[in-house]
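Please go over the structures that come below.
First subunit A sits with subunit B, and in the next complex the same chain sits with subunit C.
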Partner chain A sequence: MRNWIIGSALAALALASPVAAQEKVKLINVSELSGAGATAGTNWKNGIDLAVAEINAKGGIMGRQIEIVHYDTQTNPANTRAAVQRAIDEGTYAVLGPVFSGPIGASMQIAQRAEIAQFVGGEAANLTQQGNPYIFRTSLSQTAAMPKLAKALATDVKAKSVAVVWVNNDFGKGGRDAINAELAKVGIKVVADVSTEQGQADFAADAIKIKNANPDAVFAYLNEEESARFLRAARQQGIDKPIWGETTLLGAKVIELAGDAANGVKGHVGLSVDAPMNPLRDFGRKFRERFNYPSDHNGIKGYNAVYMIKWATEKQKKFDKKGVADTLRGATIKVSEEPGILMDTTILKNGDIDRESFLAEVKAGKQEIVAVLPPVGP
Partner chain B sequence: MSEFLAYLIVGIATGSIYALAAIGFTLVWQTSQTINFAQGEFVMLPAILVLLAVKLLGVPIPVAVLIGAAAFVLIFGVGFKRAIVDPMLPHGVLPLAIATMSLAIIMKEGAKDGFSAEAQSFPSPFAADTVSILGTAVSVQFIMIIVVAFASIAALQWFVTRTRTGRQMQAAAQNPNVARILGIPVERMVMLTFIINAALAALASFLISPIYLAKFSNGETIGLFAFIAAIVGGFNQVRGALLGGILVGIFDSLAAAYVSTSYRLAVPLALLVLIILLKPEGLIGRKEERHV
Partner chain C sequence: MTAETDTAPAALAVRRPGGRIDAALVTILAGALILWFAPVGMGRYGTYVLTLWLVMAIAVMGLNLTLGVAGLKSLAQAAFMGIGAYATGLLTAKMGLSWYPAFAISAVATFAVGLVVGFPALRVKAHYLAFVTLAFTSLVWLFLRNEQWLTGGTFGLPNIPRPTLLGTRLDDALSFHRFVVVVTAALTLMIWWLMRSPWGRAFLALRENPVRAASLGVDVRAYTLLAFAIGSAYGGMAGALYAPLVEFIDPSPFAISASFFLLLMVVAGGSGYLFGPFIGALLGVVLPEWLRFTGGLYLIIFAAIVLLLLIVCPKGVLGLAEQALGAVVRRFRRTS
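After this line comes the complex of A and B, so read on.
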């Protein structure tokens, strides 16, 4: 009897030992699951969940299953800081998220101090201009996207004047500064520079202001829900000039929320499930099957982030947190090596990425890719 | 001038929705002498119930609107009165006010967890066209919001002042003890007030959600503006709530246009402070005295 008790205790100890715990690799996602960024954060989270399920089904990363944990930041910078710190304290292998640029800016130093790679969905230009070697984008930055947009407005629309409507947060301010600089370079005048607030519900006054400025085109740089509200207000107030934007404005959620008001909107899209590329389309199909709605670019970003971690770990052939960042900086991940990356992607030394992108238009409630644009770099 | 007219119409349209919500504050105040801090959430929830009905029952939007409105009036008109107001009121107005604060949190978090944290599209019954008024292109949707809101408030005013039941409601609100002596069924009249409040909140919800999109957090903004509107106009007057709502809507629209969207909320708040300092009973409110 006594031997049986000792044997059981030893067996229990063995099960609870670090050797058993090492069978999993823990990833913690810190994103906007409620608040103003809920749409972006939920898509990002679902993209992560899809990637984790796929990787685990195929045996995990180097034989280890991924354990994924999600924390809601409520789109609040203070909560984001606390959640990133908690993720690190709980031993995350890398930090996933957040998506909004403001909360990223407020929390990225924490992961940097811990020397842990952080994969974010933000596009604000300044995020990768602060010398943080542990921050990695999953989408093009504003500095890569805006020159393409300004060129399209000058050549395709032949616009001489543009009204810029932007959201007054880090993402919006960065985008507004970047597009205004690029518009000046191609000789387009900004006739209305309309600042709006994150979470703003009523855009009627802004739409009237823009309409009365009588621009040749409108450039909208807002978050998802605000983009949809603005498009509805623009149509209600009779704005009939071309409305252009960057990835978010043409996202699936914006199209769904804006309804008919989204038709005719054009812009630059960094990632799209409608792109003429089989890996992206396959991802879009799998996402829809699992979550019963179409993914926007944030879903692809979350999915990409997990596969970037997988690729880096397999490349360095060990589970070294700091090594993930070291391996990724300056690397090019090809779809032929890692299909989960979906598009050949070069990660620059500062954490920016470079790859092909698209010009798109919303037609009959669907985003259609009208041109594939080459990467900025060689 | 045409630009100003466009801002003015937008302000009146959103203001008339605030007025519908603000009337709810005045109705609850008149019958229970307390403030319903869940009034914003009362406007947020009906649209979400409609979308839930579409999702769960697969019914078309017009049917879902009827189901959502009926469910809301039943739960948050009759149910609110029976489950929260009746048990709490004997303990004083402060516990009731705190109970409505709790209700606001429960409604908001319940909508987030039970439905969605994301905004959802809510269809507008009106065309997305514009019409020309004095040379200014004006949204048909905003004109129709003004028409529907004003018609509803006029109907309410007619009901309260010109019908026997309406006058009984007023009597029950002004002096329930005397009303009881006169044979007025005070309890039934108070219940009717809560039902009307819920119905107006549902109407406001269906008018504002196509613009704001249906989202669990909508009540914060709407509740705040409606509260300001009720104080500005006069907390104890339906006409005051209407005037306050329109003024707050216009101030908000003009502030967004001529000041800045960053400071637009500050302008109605400044109006609120001004009214509290100069005419604390509201622009057309009655002075009330209490002995403590």
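After this line comes the complex of A and C, so read on.
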């Protein structure tokens, strides 16, 4: 009887011991689940959930299951800072998110001070120009995407003048600044520079302004819903010049909302579930099966972030928080090594990434990839 | 006169006869002492949330003076906070000025802007004043967003330095928290003193019965402006602490929605009570953070709690507490 009691006690102790607790690796996602960034943040979160479910089903990272926790930032810098601080205090292995550049700017110093890698969805150019060695993008930055677009407008469209319509938030303003600089380099004149509001419902006046400027092409850099509204207004006002954009303008949500008005739209796509690459298409199918709607680029970014962490951990062969950042800087992750990365990806020393991207066109309500563009770097 | 101003909240109106210790003063000093030691063992996150609570409480204190004491329904407090935050951010991060003069300049600047914006308060009242201040908040927000050369626009202003005390920069969470505790205690003591002064009594007289106050020789125009400007300066001083706390500012926390949220904190805490702003900011800042354990539903639960609270106690938490205390005292007197 006594042996039985001692045996039971030892078994209970073993179950409750730190060894059992260490079987998991904790990842905390801090993203925009409410407020202005909720659409982007929710897609990002769902991408993360899909990756975590897949990795856990296959035995986790080096035998450890991932425990994922999501904290909302309310798309507010002060709340983001609180949430990232909480994530670090709670011992997250790496910080996932946020997606909007403002909240990233408010929280990146904390992860840097704690020497923990932070994987963000932001595309604004300045994020990786502040010498923070712990920040990592999950998509091309605007400075990487815009030269490709300006070149295409100069050579494919042979445009001499362009109207730029953009949403006045950190995403749109960053894109507008980047494209205007690149257009100037290739000798294209910006004949209309139209600023619009986030959540704007009526784009008729903007479309008329653009039509009156009579550009050779239109470049639209807006959020998903606004992109669709703009496309409808542009068609209604009889704009028949080529309309170009970057990633969001050709996204599944925009095509669904804009209907026929999206047909003929062309542009550069950094990440797309419609790309002619099986890993990306498989991801798109799995995402739709799980969440009942098509993923946008933010879903792919979140998914990529988790696999970047997995790759770095397996590469360094240990769970070292600082080591994740050290391993990733300057690394190239190939799909042959880690299928979850979806596309061969090079991570630059400053946290920017470089990889192939696409030129696409919307035909009959579907995004079709016209050309695969090589990475910027050698 | 509106319904909520019919009865004067006792906490701000009561004056102790000379020689007796003032309960409010003891509460301020004891509260500061508790908050000085509160974050021990709390971690950086808990300390940060506590500090954010105090900073927001300062902004709410200002609005409490404007609304709860002088009876002016202002929707401009977030804009004043923004002006203070950007003034401090620009002066310290871009021009290399120390935090202390930047704080003073932020306070003086928002006081001056408050005087200018408060001027319409003499002509318009109630919801018309709300519209004027709403327009002002939009104007400030658009300026902060569009004038990128100065404010950094939508990209914000990064790397705002923390203040330095005796040669040491208050970079760690605990020392900055203690710094904010001292500033908050000083600003609360100033309000406490103000309400005991003839000015404070004039403010209350204005709110209770402006015609009677005027007939007694209170300069309605001057005191209305003064209340609005002091309230605005508190917004500016809160902003001057917010910027180094977050170390980054962009226009989003100073938009119209933030003004409404600050107004909610005044009402939920108890409009016109000295400690109402602390309870209100506790509900607005700490409660949503504490509710995070409920997962994705936390904002819905938060909204439901606030809704219930305002139905149960339209005079705020302290209004309810005062009613309950009054009932107990009456019963005690009857039985004895």
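Methods note: the second predicted complex is superposed on the first by the 361 of 378 C-alpha atoms of A that agree within 3 Å, B and C clash if a C-alpha of one lies under 4 Å from a C-alpha of the other, contacts with A are read in each partner's own complex, and residues count from 1 in each chain.
Operating definition for what follows: contacts are C-beta pairs under 8 Å (C-beta built on N, C-alpha and C of every residue); 3 or more make two chains touch, one makes a residue touch a chain.
Because the structure is a prediction, the values reported are computed rather than measured.
After overlaying the two complexes on the shared chain, residue contacts for A:Leu33 are found with subunit B and with subunit C alike.
Legend: residue contacts after superposition of the two complexes on their common chain; A:Asn168 is shown touching both subunit B and subunit C. In the superposed model, A:Asp344 makes contact with neither subunit B nor subunit C. In the superposition on chain A, A:Ala106 makes contact with subunit C only, not with subunit B. Contacts of A:Ala261 after superposition on the shared chain: subunit B is touched, whereas subunit C is not. Within the superposed three-chain model, A:Asp206 lies in touch with subunit B and out of touch with subunit C [touch as defined at top].
Touch criterion met: A:Gln236 reaches subunit B, while subunit C stays clear of it. Shared contact residues of subunit A with subunit B and subunit C: 33-34, 168. Residue ranges of subunit C in contact with subunit A, taken from their complex: 43-46, 48-49, 52, 145-146, 148, 153-156, 158-159, 242, 245-250, 252-253, 289, 292, 295-296, 298-299.
Across the interface of their complex, subunit C is touched by residues 33-34, 36, 70-72, 74-78, 81-82, 85-86, 88-90, 101-102, 105-106, 109, 124, 126, 130, 168-170, 173-174 of subunit A.
Of all residues in subunit A, only 33-35, 38-39, 42, 168, 194-197, 199-202, 204-206, 208-209, 211-212, 225, 228-229, 232-233, 235-238, 253, 256-261 touch subunit B in the complex they form. Those residues of subunit B whose C-beta lies close enough to touch subunit A in the complex are 3, 6-7, 10, 13-14, 112, 117-121, 123, 128, 130, 137, 139, 141-142, 210-213, 215, 217-218, 221, 252-253, 256-257, 260-262.
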